[in-house]
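One chain, chain A, links the two complexes that follow: it is found with chain B in the first and with chain C in the second.
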Partner chain A sequence: MNKIKVKLCMGTTCFVMGASELQELVDILPEKFGDKVEVQCATCLDLCSSSSEGQAPYAMVDYTVISKATVESVINEVERKLKNGQE
Partner chain B sequence: MFIDIDCAQEKKYNQNTYGDYFLSKRYPDKDALIAVLSDGLGSGIKANILATMTATMLLKFVEAGADMKMACEVIMNSLPVCKVRKISYSTFSVAHCSEDGEVKIIEEGNPKFIYISDGKVIEPEYTVIDSDTFKNRHMHVYKLKLKLGDRLVFCSDGVTQAGLGNPELKLGLRRSGLMRFLLEKINDTPDISSSELSQFVVRIAKNTETDRKAKDDISCCVIYYREPRRALIFTGPPYHQEKDYEYAHEFYESKAKKAICGGTTANLISRELQIPVKCNITRSVGKLPAVSSMEGVDLVTEGILTLTRTVEYLENGFNEKEKDAAYELMQFLLNSDCIEFMVGAKLNQAHYDPNLPIEIEIRKNIVKKMTKILEDKYIKRVTLRYI
Partner chain C sequence: MDKNNQATHLKKEILIKTIKAFLSNDFGENTRLIPFEMRPKGSEVPYRCCIYKEREILRNRIIASLGFTMEGADDRVLLSSYAQKALEREKPDEHTLTVLELACKGCVPNRIFVTDLCQGCVARPCLENCKFGAISIVNGKSQIDSSKCKNCTKCIQVCPYYAIVKLVVPCESVCPVDAISKDEQGHARIDFDKCISCGKCVSVCPFGAIHEKSQIIDILLKIRQGKKVVAMIAPSIAGQLPCNIYQLKTALLKCGFSDVVEVAQGADITAKNEAKEFNERMQEGAPFMTTSCCAGYNNLVDKHLSEIAPYRSETKTPMYYTAEICKQKDPEAVTVFVSPCVAKKSEALKNPNVDYVMNYEEMGALFVAYKIELSELEPTPFEVESSREGRNFGITGGVAKSVEAADNGKSEVKAHLVNGINKESIRALKGFAKKGECEFGNLIEVMCCEGGCVGGNDCLNTVRTATKSINDFTKDSKPIAE
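Now for the complex of A and B:
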């Protein structure tokens, strides 16, 4: 099974809107899901400049964009993806 | 050419202040600098006041437009004589250096400076001006033309007389001894900075003294003509997107040390040149995103927040416990002489979202503020280019 890739945007807008807290996921996700998940930080995901995508902070779980991302919402999306993958 | 200047000092043993005084000032609009080294009679507070007064007065004189020779003559003729020792209150050396290599030097009472070019000592010619009022006072006036890689080493007699009275060095280190050490050091490390070389001389002088206790105030000032250390900072995406490749290429090909400040900017360069950006997974330090890395680029940071914090550090000094990205950027800037900013003029709409919790400044304004501090406080040469 392919690993789920989580990308956290560390651009200016995302950072001030709460991405600094999202960085906890760097520790939380591997603890919770082991090697099924890979976490990366990105200099900028370029999502804030196109307002159609919602609001910062942004994260991506594989190709799904999560707007107004929180630690919980990212974990939920990873769980949903893992569940779907097993079915 | 860039003039690298620095001075290192050591107090006389058991004294709580320096009896020599060094002063230098750059005049960026005239591409020149003036440096003064003065040795006050005796040591401690009294010597410090004498030396400080002499050096400050000289600098102010020349700054106000007085001819350097005339200013020195006035001071030489008016310095009072110590009642006890019957010698003048202080000695001095002044150097006026232009970036094209023209140097004018006047010395009164200090040991002769050492002029090193191509690994050899040159003894330049000088004219002597005698004092009208005091028979034992003479000024030496030099006019030199320096080239890239040349150095001038000034020192107080605390250096040349270090070790005076030792069984091995009856006359102390002397100018000839200092020359030997200098040539050897420059031969080993030809690019040694003025700061390191002056510290080296002070260390040598101190080590020559019996029990490493300085018997006089020790000062050494080094002037070094070298290529400037250039830095290039790319921040913000260019206004015309079709020029992205052109600017990215220009940035990457530059021989200067390179920094990128901005996530979007880093992505842009990465995209145009097909070089991946590696974002650091370690948690960011303090309240700034961590630095990233890119092959061929010396530093990659986030944009506005990091720049704003760097301005704070440059203004008020770095007092944090942990070194963050702004600290890295500050070091990057301070380790350069000529700094060029490529400032992309494209606006990121998201930065103007009223929901943003803190004030995000406009890039142009921060860079302008940074430029002013770098020029005024740190005497850097800064050029701004809006793209």
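Now for the complex of A and C:
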């Protein structure tokens, strides 16, 4: 099975709007899902340029974009993907 | 309340939009349009009863971002006029905080309440344990007579079904000095004679009803007028953004600041002076000395804790020394302290050498508005490199450690850390002053916020990661005692 790739945007906009909290996922995700996921902090995913900064911070779980991302919403998306992958 | 919540998110979004409006070619009109841009016709109404109230509250928030007081504000004045008035203002407003009455929920007063989970049991431990006879059984279930209840919470502890809860008013409960209470309509009101500007109410209000009055427009205007505006960055700033302080300097220069200096430079002076003072006081037989660099604590001593004033160090704050250096170098310079908290705004208002304060949220909003990608910037060196100890001032224990390091073994330093001002720690400090002794140490470091300045109400990063970033950064800095 391919690893699920999680990208956390640490660009200026996302960081100011709350991505600082998302950094916790760098430790949480491997603890929770082992080697099924790969987490990476990206400089800027360039998602904020097309819409309002009100939707930041952004994260990506494979090709799914999560706006107003929180630790919980990212974990939920990873869980959903893992479950779908098993079916 | 967790920093990551929608009320803080909303406040930051508004700051970004206000700054963008200032940078645009029509400040007044673009400010007026912000509520409509954020809640366009037919859009979802996420928080309030209707779109009109949503927009009106956003309008109130923008007025605070423009630096005005909402208490007694005139509803008829257009946002565009407020924007214009902000440009004409000579000095920032006197008080640092403002309550948006319209955004305030008017929470039910603090009280103990029996929920529907009450099973009407036979044991009735709530009834048996209430010392004040406030509980009676009505229709087979417990009920509390609020005129008799003393909020002792005994019934909550003994109920086997967890059916009794304590309803709290977050702002009132968190305020360490009882400066916030309800007016006749039940809305929050700040008593500025008592308020120590600690910013705790700003952080906890779930409705985001308490705002800091921003000075960001005043600062940007000075830059636009071609003045030399110097940013003095507080030590806690390292780790607040995804870049180091050298890249941060580049970013601030890009925004038009003429120079950027580390307040850690002033912290080094504070540490040395305070170490000298500590040594003298100990030789004179003083039982203990408290630090004096936290603005929230200084306000607390000045307004509520005069008994501890003789024990407080006379040494000035890092901001004081840094601003002095900047003004000596160029008396025409406009000095801006870049701050983790609102308390420093109150300190700056009393110090003629500090012209303005920009908090970390406002600084972050500024970078977003300018579309500055911090991590891609080249570093800019500082004229004066500060010490490891000075750069650690913003972490709990950092001030005490630097005084100890600057003392360099001359005195016997035993530090006691007061990590956060609350009712309990105020009682403890009162006790030390009354007894004239502190059994836990002779150097009492007082930090108003838990974790130190990195826990300030305007910080962008979490205390844990910010502390780690500062430690990683400072480990290679030079020691103070060399």
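Everything below uses one rule, namely that the second predicted complex is superposed on the first by the 84 of 87 C-alpha atoms of A that agree within 3 Å, B and C clash if a C-alpha of one lies under 4 Å from a C-alpha of the other, contacts with A are read in each partner's own complex, and residues count from 1 in each chain.
Rule of thumb we're sticking to: contacts are C-beta pairs under 8 Å (C-beta built on N, C-alpha and C of every residue); 3 or more make two chains touch, one makes a residue touch a chain.
Since the structure is predicted, the reported quantities are computational estimates derived from the model, not experimental observations.
Q: Assess the superposed three-chain arrangement around chain A: do chain B and chain C clash, or do they fit?
A: clash
Q: One more residue to check, A:Asn84. First (chain B), second (chain C), both or neither?
A: Neither: A:Asn84 stays clear of chain B and chain C.
Q: For A:Gln40, decide between first (touching chain B), second (touching chain C), both and neither.
A: first
Q: Once the shared chain is lined up, is A:Val16 touching chain B (first), chain C (second), both, or neither of them?
A: both
Q: Which of the two, chain B or chain C, is in touch with more residues of chain A?
A: So, of the two partners, B touches more residues of chain A.
Q: Using the superposition on chain A described above, determine whether A:Thr70 touches chain B (first), chain C (second), both, or neither.
A: After superposition on chain A, A:Thr70 lies in contact with chain C alone.
Q: Thinking only about the overlay and not a real complex, which stretch of chain B clashes with chain C: 92-100, 128-136, 146-154 or 326-334?
A: The overlap with chain C comes from chain B residues 326-334.
Q: Residues of chain A that sit at the chain B interface in one complex and at the chain C interface in the other, please.
A: 10-13, 15-17, 20, 23, 43-44
Q: For chain A, which residues are in contact with chain B within the complex?
A: Where chain A meets chain B, its residues are 9-13, 15-17, 19-20, 23, 26, 39-44, 46, 48-49, 51, 55-56.
Q: In their complex, what parts of chain C are in touch with chain A?
A: Per the stated touch rule, the residues are 3-4, 8-9, 12-13, 16, 38, 241-242, 361, 364-365, 367-368, 371-376, 460-462, 465-466.
Q: Taking the touch rule as given, give the residues of chain B at its contact with chain A in the complex, in rising order.
A: 262-264, 266-267, 277, 279-281, 283-284, 287-290, 292, 300, 302-305, 348-351, 353, 355-358, 360
Q: Quick check on the complex: what are the chain A residues that touch chain C?
A: 10-13, 15-18, 20-21, 23-24, 43-44, 52-54, 68, 70
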